[in-house]
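In what follows, chain A forms one complex with chain B and a second complex with chain C.
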Partner chain A sequence: MKPRVAFFDFASCEGCQLQVINLEEKILDLIDVVEVVSFREAMKESSDDYDIAFVEGSIMRPMDEERLKRIRKNARILVALGACACIGGVNRLRNEWSVDEVKKEVYDEADIEGNRLFDVFPTKAVDEVVDVDFRIPGCPINREEFAKVVAHLAIGKEPRLPSYPVCVECKKNENICVFELGKFCLGPVTRAGCNAICPTHGDGCEGCRGYLDDPRMEAAKDVLRKYGVSFDEMMKRFNMFNYRKGAI
Partner chain B sequence: MGRDIDIEVRHLTRVEGHGNIYLNARSGKVEKVLWEVDEAPRFFEAMVRGKSYHQLSHITSRICGICSISHSLASLKATEAAMGVEISKQTELLRRLALYGENLQSHTLHVGYLVAPDLLGAGSVIPLVKTAKEAVVKIVGLHRTANMLSEAICGRATHPITLEVGGFTEIPTERALLGMREELENAKGVCTDVAGVVLAHADRLPDFTRETEFIALTNDENYAFYDGDLGSTDGGRWPVEEYLSITNEYVVPHSTAKYTRHNRESYMVGALARFNLNHAMLSKEAMEVAGMFGLKPVCHNPFMNNVAQLVEIMDSLVDSIGIIDELLDRGLEEESGEIEVRAGRGVGAVHAPRGLLIHDYTIDGLGNCTKANCIIPTNQNHANIQKDMEEITLT
Partner chain C sequence: MRAILAHSGVHAQSRKFDISMSGLIVGDHDGTRTLHSSGTWSHAVVRVLSGMKERMGTVQHDEQGGIRIQAMSKREWLNFVDRLIKENEGEVIGVRARGSRFQYAPLESAEELRLDYDVTILPPKKYLLPTHEDLMTFDISKPFEVLANIDEGKRILLGVHPYDVLAIQQMDEIYLGTHRDEHYDARRKNTIIIASDILNVSERSFAGSLGTHVVETGFDLLVTDLGDTVAVTIGSEEGKRLLDTHSETREATLEEKKHVKRLRKELPSRYARKLKVDKYMWQKLLEENYDHPIWEENSKKCLQCGSCTLVCPTCFCYDVDDVMSLNLKEGRRVRTWDGCLLRDFTRVAGGEIFRENIKDRYRHRYYRKGLYLPMRNGFVACVGCGRCATQCLPDIADPCEIMNTLASFSMHEKVNFPIPDVKVAGVEEGLLIPEPATILRKERQTDMETLYEIRPDSGRRLEYRPGQFVEVSIFGVGEAPISIASSPGRDTFELLVRRIGHVTTKLDTMKVGEKIGIRGPFGNGFDVSGIAGRDILFISGGCGLAPTRSLIEYVLENRGDFGKVTILYGCKEPGAVLFGNDLQEWSRKNDVLVKKTVDQCGEGECWDGEVGLITTLIPPLDFDPERTISIVVGPPVMYKFVISELKKKEVPDENIVVSLERRMKCGVGKCGHCQMNGIYVCLEGPVFRYTDVKDMPEAF
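Up next, the complex of A and B:
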């Protein structure tokens, strides 16, 4: 029996599900090993009978929490897909302000009081609402890593994420360290698995895959100070995907 | 004999984003038709406040996975306009290529993965692998070519890496562009084949017409994607800085996405709007695709947007090849320039695949954003979708 797989999305750009579609011809191999029963972005059919749920997006409202809890109940394995689901990602940036303040900024005087569609709480990652079995980090996810995780789950093996920093992959790609190019990089504290795609294309790592289990934050800050990065700038960069995690 | 009908479509499928449809009829009389957008609001305009000018495009690209390149570019154009940063001709050409990569990807996804199953009588593209394998292989191939173009220019197809204020962190090699040119050349034939598949089932596209206003960027040099003024099929041309008087956003209780209106109750943006306004700038090859379907401006059938997307796939392929030739002719140069922080307000507009996209930023003397406004294509279409649904349920 092929495991039955379902995809769900909450507050997100849906770019992680797009990476599944971007597997192009490889999707055909994928549907050889799993049966996709719900994938709203690409399929009309849907079913509540599934083994593995991939959940993209952050959780913003009571109505979203309810839906997520139903998904958790139905699924044997729940996988958080992408930065928004795993760590809150850029969605968490608004937590710097109160809910009322951001509503006012975006919707101004519109009458949305008591309307459930607008009834938001501060952004939560998926694991702040339900138990998460596995995570596929990144913004967006690395589609190769996604395929690998699915292959593992299909044969009942536990998928594992790299426990080393992005710098390891960056060195393997023989890149010039972007600090030497006068740029800022979170590679030293960020979990690898993206093949150091940003530094390889001349931009610093933004930490979208989340920090290592035991990041050396103080050492990282020392490096940044050495390259003359101001505290304010440092915090802005640390916060982009990992708002108030670790660095403060 | 009138019937009672209650339709509730929760979590509308094969779309990006979330929408629900409600329809109630009593004794054959429609009482309620509602297009509800219940997607959780994300508050990007609030969250970019206080962020540095160089972070803005990286944050706002995350508004949309399918159109992350156009969000990046609208963001960069707004930032550059606010700070008075000039870009080179090479940067402009490379950015136009990036937009075409995204347009090709999004349109192929829409026509090939989301719409084709309806035309071919399947629930999704997956069963089509068995019943219409040849067509699926072509669609997947075209989709891969599109993503290769985006990756060649942006480092990554979704959430571009190399696009930055003033230029690029990395430019493609001439060899990569030559390889891409060959891919695009081959894709023209594939595009004609895919258009043929759609044409064979085009009778399934509803013959429905409701007169509306179409709004798109327009310019005198090309089929506007990267630059232009705001234009309307009701007449009129305005600089993008005057967008607020065109878009007129408002909030409705059943949608977290804002609605817009201009001359009429609603207007439409996207491929059909661009075709209706800018058809004279299309390539010969693209006009041939339009001719296959008898698509002529001004077309008021929203379902013909799918055909306009096919026309644009061909045009994006042809124009991309032209841009690559121009780049190779000029020779690619590593460029670098210091960005000078300056306070100001700037508006940036581009065409996302699904239509007009505008970012508007105010930036302070430290290079931090203090105010942001983003006008999203899909939001501009919501009122039009509602009006179309009201009209179609009467027939």
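Up next, the complex of A and C:
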């Protein structure tokens, strides 16, 4: 029997689900090997009976937490989809400020008091609320990687993310190191799997796939200093997708 | 692309390629010095580097005995290149600008060729061993359908600098020497090398100090851009044919010849970076500085990004993985470049990482280049191109600087890294393409382990020694090394498999009658004739009983050839005992002593052995340490403690034999993952005499 698959979104731009739709002709293969039962961006039907849940977005509110826990309960396998779900991503940046400060900044005088939709807590990644079986990181996800993970799950091979940095793929693409071009790059500490797409197009890596398990942060900072990156700049860049209080 | 259908064990058509083993030269500028001149090359088999010798050794000489050099105008040279591009001699790959740097890429016109380049980002190696390469494709909806992908496209590499010519010769030695790699071979045979003398020196190169700034063989043509004219040295018949067919040349004038000579002679002085120590001293320096503070110091700055290995023209390690298309039918087995600086390089399915410390990985690269590979092949695996130094952001990857530092401050603490001289006849053809085999029987041993009986579909009897292993393929999932658990001499063989990684987890779900792929046998196995006549003490922990069982069965089948036989077996708990029936059967024999133990035994669990670590079985044992050969096989943590107990019993080192686990990905000494200092565990192991590895820092 084909595994039943459902897609869910929380705080996100839904760009990762769009990447799935962007599989184009491959999507026919996808629906050949799995049965998609819920996918709000692509179909109107939905069902609570599924084996694999793909969850996009970060978790912001008590109501999100409840919903996510229900999904976890229903799903045999839960896959976090994209930077927001895997590491909190850009949404996490707001954790620099208190919830009240953020609300004031965004909604100012608007009347949101008592409205559940605005009842938020500091941003969480999916695995801070429920167990996550597999991750497909990136902003947005790499659809080749998505296809690979689905194929792996379907034939019973545990999908494993690369444990090496973006530099490996960047070198294989024979790029000129973007440091040489005077740009900032988080490639040396960021998990590969994107085929070094940003450096290949001449931009520095912004770390959207999250850091490696054992990132060489001190060595990377030494390099950034050597290339004249200021502390402020470093702070901004490190925080963009991987916010941590006092990141550096 | 040529596809070879691999079925019924018939695969990979045989193509002989002679590797000459005579006298050597490592492309030194004087062209004569052998590595023996240092007097320190211990294990070196010194040989002509290139498997392409027949084609490449034919530099043409004039009547006076000098090298014959042709010449043509610059315009004629450009016409020649354009004709090569247009007249279908193959894909013409030349050096082109890429932003402020250079790269090898297909040429569309001669104008794009930049002979004035300093160095390319990646070496021309990428056309012989591509960054990603489909070794084979398969269709898993069929019982067993595998197609080998052999790239036989013709290519001309244009503008190859001497150091890269030498690096290609090193690659030839690795890939066309023992265990010839078919995929590489096909590419190499169809590649014409038009080398170019260096016009501009790369900032970080130190080729001038290594003598790799010039080259005398290993090319089909060698061009020297003299400004208005271009001089051409003919290096092969094929080169001559190209030149005759597509250009009009004349003999170079005396002035031009002098110009070429002068250019080459003056080149070393133009290098800013200079080695202060002769390359023949690298081995000695490294032997004496394993614990030099520079390894720790520099590794702190290391990003572990692997760039130094990825841009290296002599690095040849690779990884292999299966990629399935989303339709779950077709898949590819893909080979990609790998590097020893990356953490998971030595990771095995069980999770152990054998070179976990960053310092060890950082140091390993230098030792491999300057010591281990020279010991094995007879040449320093560095050609001084400087790519690693150019690409390393913290600037700690420069062999020139490291060797100069070691030379100026040597620890003089000599460590030996011997490579055991082991020759086992093994598979020499069709190395990477698995043959089909069928699961005949599955016997669950524990929750985690199952015994499989396998028969090759070709009907061939697997010829192996106890202790050898096979690579098991499940297409779409991957490949894993599994030691053979049954004794040789039968039409089938048995594998004991723990469900722990991709392949073994998938295998667990497969049924009797289904097909797997196998390669091998690989490794050396136990020296069964060498231990004949001796008392044998088997000490096995956990899964270590699998390869040991092969030898135990062999010994029991030839009982008269051996003295006392004792079997010690330990595992975690009663539920984890492997080969329970065999242990029982062995212990019923009156000429075999079996002792078994578990680390722990829950209350009420049924257990008729001891409780305690395997080491506790050794002290009460009564055996003659001089007569007894101890065969120790178990998890990595076990060796130190077991061997220490044996030493208390005054067992001499030479009476201890171990079998070690490493990541044996290719099985044929190429991929680099199983390396333990200078040893390839898949070739010289996994079985070792303890004396050969006891001082090896990375062994235990």
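A few comments on the model shown:
By our rule, the second predicted complex is superposed on the first by the 245 of 248 C-alpha atoms of A that agree within 3 Å, B and C clash if a C-alpha of one lies under 4 Å from a C-alpha of the other, contacts with A are read in each partner's own complex, and residues count from 1 in each chain.
By definition in this document, contacts are C-beta pairs under 8 Å (C-beta built on N, C-alpha and C of every residue); 3 or more make two chains touch, one makes a residue touch a chain.
Note that this is a predicted model, so its numbers are computed, not measured.
Upon superposition of the two complexes on chain A, no clash is found between chain B and chain C, which fit side by side. Once chain A of one complex is fitted onto chain A of the other, the partner contacts of A:A147 are limited to chain C, with no touch recorded for chain B. Look at A:H201: by the touch rule set out above, it reaches chain B but stays clear of chain C.
In the overlay built on the shared chain, the residue A:K172 is in contact with chain C alone; chain B does not reach it. In the superposition on chain A, contact of A:V102 is made with chain B only, not with chain C.
Look at A:E25: by the touch rule set out above, it reaches chain B but stays clear of chain C.
Touch criterion met: A:D222 reaches chain C, while chain B stays clear of it. In the superposed three-chain model, the partner touching more residues of chain A is B, compared with the other of chain B and chain C. The superposition-derived angle at chain A (between chain B and chain C) is 130°, Cα centres, a multiple of 10. The overlay of the two complexes leaves chain B and chain C separated by a minimum Cα distance of 11 Å.
Under the contact criterion defined above, no residue of chain A touches both chain B in one complex and chain C in the other. Residues 98-101, 103, 121-122, 126, 131-132, 140, 300-307, 310-311, 323-328, 336-337, 339, 342-344, 391, 393-394, 476-478, 502, 505-506, 509 of chain C are the ones that touch chain A when the two sit in their complex. Looking at the complex, you find that chain A touches chain C at residues 23, 26, 29-30, 32-33, 147-148, 150-152, 154-158, 163-165, 167-168, 171-172, 174-177, 179-181, 187-189, 214, 216, 218-220, 222-223, 226. Across the interface of their complex, chain B is touched by residues 9-19, 21-22, 24-25, 27-28, 31, 36, 39-46, 57, 60-61, 63-64, 89-91, 93-94, 96-97, 101-103, 105-107, 110-112, 115, 117-118, 120, 139-140, 197-198, 200-203, 206, 233, 236-237, 240 of chain A.
The touching residues of chain B, when paired with chain A in their complex, are 11, 13-18, 38-43, 45-52, 55, 58-59, 62-66, 68, 109, 113-114, 117, 123-126, 129, 140, 143-144, 147, 155-159, 161-162, 164, 168-170, 250-251, 253-256.
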